[in-house]
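Same chain, two partners: subunit A is paired with subunit B first, then with subunit C.
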Partner chain A sequence: MSTTKLTLGQKDARLGFKLVLPSVIIIGLLIVYPIFYNIYLSFFNVKMNGDAFYIGFENYNNVLSDPTFWASVGTTFFFVIASTILTTLMGLMVALVMNKKFPLRGLVRSLVLLPYVAPVISTVYSWQFFFDPVNGIFMHLLVDVFHLSASRFNLIGDPQYAIWVAIIFSVWKAFPFTYLMILSRLQTIDNTLYQAAEIDGAGDIRKFWSITLPELYFVMGSIVLLRFIWNFNKFEEVYLLTDNVKVLSVYTYFKAFTGSMDLGQGSALVVIQFSLLVGLILIYVKKVLKW
Partner chain B sequence: MKFVKLGMCTALLLLATTSIFANGQADVQETKEPVTIEYWTTQTQTDRQSTIQLLIDTFEVMNPEISVKLIAVDENDMTSQMATAATSKTLPALVEGAATTMVSFGADGLLNVDANKAVINSIGRDKFFEGALKINESETGAAYGIPFHGWLQGLWYRVDWFEEAGLEAPTTWENIEKAAKYFYKPSENTYGILVGTKAESFSEQCFTPIAQSNGATLFDKNGNLTFNTPQMKEALEFYGRLAKYNPPGPQTWRARDYYLQGKMAMFFYSTYIMDDLAIQDVAASSLTAENFNDLKDSQFDPELASHTSMAPTIENTQSASYGTIVSLGIVDQGDSAKTEAARKFVEYLFEPNSYVTFLHMAPGGMNPVIKGIAETDEFLDNSVLSRYGKEAIGEIVEGMQDIKTFGIVDGVKIEKADQVTAQQIIPQMIYKYTQEGLDIDRAMAWATKEINKLD
Partner chain C sequence: MVNKKNKVIKNIGFTLLVLLIVTFCIFPFIQMLSTSLKFSWDWGNPSLVPTEINTGAYSEILGLSEDIAVELPASVQKLLDETPNLTSAQRATIVEKYTDTSDVFPFFKYFFNSLKFSLIASLCSLIIAIFGAYSIARMKYRGQKLIQRGVLFVYMVGGILLLIPLYKITTTLGLTGSEGGTTLSLVIIYIVQTLPVCLYMLGNSFRSIPFSIEEAAFIEGYSRFQTIVRIIIPLSFSAIATVWVYSFMIAWNEYLFASVFLKSYTNMYTLPIALKALFVSKNAIWDRVSAASLLTAVPVVILFMLIQKFLSGNKSEGGVKE
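Let's look at the complex of A and B:
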């Protein structure tokens, strides 16, 4: 063993392996192990005292035959698609504006980032105070000052408005990230392209469709993918802000930890959610990002 | 070079010396290794935690080998947190929560009934109110929880508004609905009543006396499910009608602030409100329009405390009152040293000084379950309690002896009813019916299905 001399390549490989080992261990313990343990649990009926009984695919059968699960899948897709599209459009619009020169641009650029950097818990509570049906400023303006509504209503709590509030909150909170990414790409677009287009007689709209948008295609594609993944798994914003927007992550929480608490079924739900997400990502990466 | 060598020698010497002492200390620690126990409390407010911490600090001085770690858990999260802890084998040694929650934990085998019994016996079983002990027991009489303190719930209302409107006190279904309708003036941002409609424990606390006053039960004394009955349906229908006079949208106990702001006529609440009302009363002398221009023409009433009364019972086909005993439970976490430490700590909490200090955290809200405490000068020596007087406090403590829950039917303990409470099935049903607009029969069928799922 001691006599075998390692080649330079082998030494490099060893060093590389040693360098990544700590990360592999951490990822293994904190991500891979819980995923496999979760898959394992999904085949068990888990009792509150920790006892578990093997029940095969019963958890999956129960989940897939439950209409509230499919309602939750619908809510999730609506939330994810609407918030992703609106966040991207909003980010794009703001980035285009911020790319133009105007007084105090630096200050405005930083201020726009505020919703993204503010902690979720504080922004959620601010929104709740803002939209409180009895004492909130929003209802005061709507009903008492501008007389736009005859009666007060609970914008955040009411099941029929809650999904929209969750979407608007998500857009408001996340668009600065999108704007930042798009703006940084915008600043690297070669100006000669626009000059050449102008010589060819292209107007602003033509330049946007033919130069700006194609140049932004991949960065926007990546942002949409990231936003899709993040919003698909979004829990804290939706759970803290509203009581009743049962996107999959919130639905799973309620299933696993409240009501007839069922950790086994909760695990099955997570596996289904994970599979759905991975499937969608693969399609997206292949079709849109063309990797 | 010489200096380097000298420096290294000194460093080595120091290292050697400190390690010898360190080893010595380690040996000492081994022989007297402290036991650290976790105490999960539902008292999440910072000021209450400071008081409990003070009690813990005193206990630790008297028992240097025991260290108590205080962890606050929201009452709505207690069941899920315990389930997670049980699965990950990180259970606390001691847990505090509503008696119904304790029974549910006990039925799931999470609690050490022998340790609980030992504590009750060492304090003296006959010193506790019998009803408070009964509520914490299993069907066979095992002690799932040690009753600690308790509160009564009532319908608190604006006496002055009722008098002005010529309405009778809200003690019957008819009077409650009539008053709620009368005072519901959304265009003036004033609401008739607050009943819980969120899927939280508060909703069940409001609903229970209404259901019981109509003779509705969850189970009969033989443990058979009697939930889906005309009485229960009628009660839920009535509750739904009351919810229409609520402030907009799903509501929970936090909406009691609207009452304190003079924007609501009635609200279900525990005796915990006495503290807030008394503070308002204390502040009343300065909070007047004379001193603050902003208060002119506002609905704020500096005399709110004296304009408030409580209807402790609700009557329909029968009368019902509701309250909760909050209990301590020593957890079965498989470590006898920790169990012993928890037992010592609980006994310490029941010593007169620490007990009264604990109860004074929420005067009116936390009432003793030990006989005779309520009459002592030490207990009554409190600004809030003395404001209400010995008699009123005595009535509350008296009323606590007769607390009714779905878990006791004709004197027989039904554990499954407490599991229904712990799993928040009724609050979820209320939310579905009042907020999501689910048809009443379907909402009740959903609840029946969920109850049947319980083992």
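Let's look at the complex of A and C:
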């Protein structure tokens, strides 16, 4: 055997490496490198004409001493926590409903997927129209039908209410995914468990708490974490619906791409957001992928 | 007797719950359809059935009517009526401003722009990912585990986190200066946005194919490459179709990068940014925005309906991304 000849295993390893190489190059150049480049950029004052001057930690100082930044961190966590909880509950409820047999179930299943499938941009305007102060049905119900408010007002225009609209929209958009994941787990639960519980005299509620929920524990845990991570980075769903809800992504977008286009400070913001995200991902990898 | 009554109540409650869920899901779409067919004086009408059908929005957006007459918004008409001290020149300017047809929404132009970006990016991404995912899922070499974990990690990094560095890099390279360079940048960016999810989903699916099938192919004298093309790809057809639809959808729906990169190239606008531009362009455009929204959603909804049978039931293809 000559040493220059590769063994079959080595040959295979080479081929394997060649096959994955394009993916690695693309991800390396356009995801990994930009992440580091972004950290580098965050230490510079980037002018609109492209010039950059090293300024140390000034961008970070500016960001961290800005009360609007902290407000946006608060908004982000409020939005993410509320939308994650509500999405999961809604997904769980719908999964439980869909796990039962009823007429037209196939049709209902397709319809429930619609919010998830449709582009964000084509659904935001319908929601805006729904809450529109002049034409919207919501104000019609609130003022003219139920008399809960004396006059019509611009709900989405007011940050205090707009965040709830953003949360409801996010739930509407995301719960079909949660429901699909939970349903596919529900369908694998061994039916004999329920039969045994029935013999022991357990009612529907008891069966839910003692069998269904423990069985769903892991899948729900991973869905909650994933939803948390995804919603943490959400931009389009919030920004296109209302620019009154300044979650971190929207805040960064405004800083970096409007007005004086401060890319340096934008980078610092991204580094901060990214660090928080990495923390979340590490929890995900540790907790969920070990399961 | 009591049991039976309980059961009836339960059934009614259950049916109501299903109706509620369905209403919650489809109401925005129904409203879109309804608004797109209403005349502007009918918008405040809470009924979803238009008093009178107006197909003007569709014929305008789809370019069906030759000369387009934009209706004067009611609020503007009211303003004109209530302020008699305007000169006729001022009146004419206001009327002209609100009935201007220069910014009508050429749906098909934006549609084909979107189609171009989404098709090229999703197909490239799919082809690269099929081989990459196979390699990660089935072959052994140094660094394979690292790459596998890396994919899972970058799967969660996206959007705003990459926008600033990628924008800076492409402007530094001078790519954003020309239409061709911008197209190239955006296509590559869309490939990157969809590649991790393709790798992840396809990897999961390839792992579910029994290795004995591949072994049999090797014994028959197939090379690795032949095995991928003749065995793996046909066997995971449903997964590949699903992954392709996903990546097509990600590119089709993408707003953030398009809004920054195509800002000064109105001709290259994709549907999402064109729709946003339409919305902020003028007052009183609910019918046109609704019609355009609905038409933008149609292609991805159809694609999804086609692959839906792969999604439902017990067979979930391992995680999916939004």
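Assume the second predicted complex is superposed on the first by the 275 of 291 C-alpha atoms of A that agree within 3 Å, B and C clash if a C-alpha of one lies under 4 Å from a C-alpha of the other, contacts with A are read in each partner's own complex, and residues count from 1 in each chain.
Here is the rule we use: contacts are C-beta pairs under 8 Å (C-beta built on N, C-alpha and C of every residue); 3 or more make two chains touch, one makes a residue touch a chain.
These numbers were taken from a predicted model, which means no experiment stands behind them.
Considered on the superposed subunit A, subunit B and subunit C are sterically incompatible, since they clash. Within the superposed three-chain model, A:252 lies in touch with subunit C and out of touch with subunit B [touch as defined at top].
In the superposition on chain A, A:240 contacts subunit C only, with no contact to subunit B. Look at A:157: by the touch rule set out above, it reaches subunit B but stays clear of subunit C. When the shared chain is aligned, subunit C comes close enough to touch A:119, but subunit B does not. Of the two partner chains, both subunit B and subunit C are touched by A:134.
Judged by the touch definition given at the top, the superposed model places A:85 against neither subunit B nor subunit C. Using the contact criterion defined above for the overlaid structures, shared-chain residue A:19 touches subunit C, although it does not reach subunit B. More residues of subunit A are touched by C (comparison of subunit B with subunit C). In the overlay built on the shared chain, the residue A:110 is in contact with subunit C alone; subunit B does not reach it. Of the two partner chains, subunit B is the only one that A:47 touches; subunit C does not reach it.
The clash between subunit B and subunit C in the overlaid arrangement falls on one stretch of those listed (7-15, 43-51 or 133-141), that is 43-51.
Across the two superposed structures, the residue set of subunit A contacted by subunit B and also by subunit C is 46, 50, 134-135, 256-257, 263. Contact residues of subunit C toward subunit A in the complex are 14-15, 17-18, 21-22, 24-29, 31-32, 35, 43-44, 46, 128-129, 131-132, 134-136, 138-144, 147, 149-154, 156-169, 171-172, 188-189, 191-192, 195-196, 199, 224-225, 249, 252-253, 255-256, 260, 271-272, 275-276, 279, 286, 289-290, 292-294, 296-297, 300-301, 304-305, 308, 311-314, 316, 319-320, 322. Subunit A makes touch with subunit B in their complex at residues 46-50, 133-135, 150-154, 156-159, 243-244, 256-261, 263. By the touch rule above, subunit B contacts subunit A in their complex via residues 79-80, 82-84, 86-87, 89, 108-110, 186-187, 189, 191, 198-199, 247-251, 255, 257-258, 261, 263, 423-425, 428, 431, 435-437, 450, 453-455. The residues of subunit A lying in touch with subunit C in their complex are 9, 12-17, 19-20, 22-24, 26-27, 30-32, 34-35, 37-38, 41, 46, 50, 94, 97, 100, 102, 108-123, 125-127, 129-130, 134-135, 137, 140-141, 172, 174, 176-177, 180-181, 184, 187-188, 226, 229-230, 233, 235-236, 240, 249, 252-253, 256-257, 263, 266-267, 270, 273-274, 277, 281, 284-285, 289.
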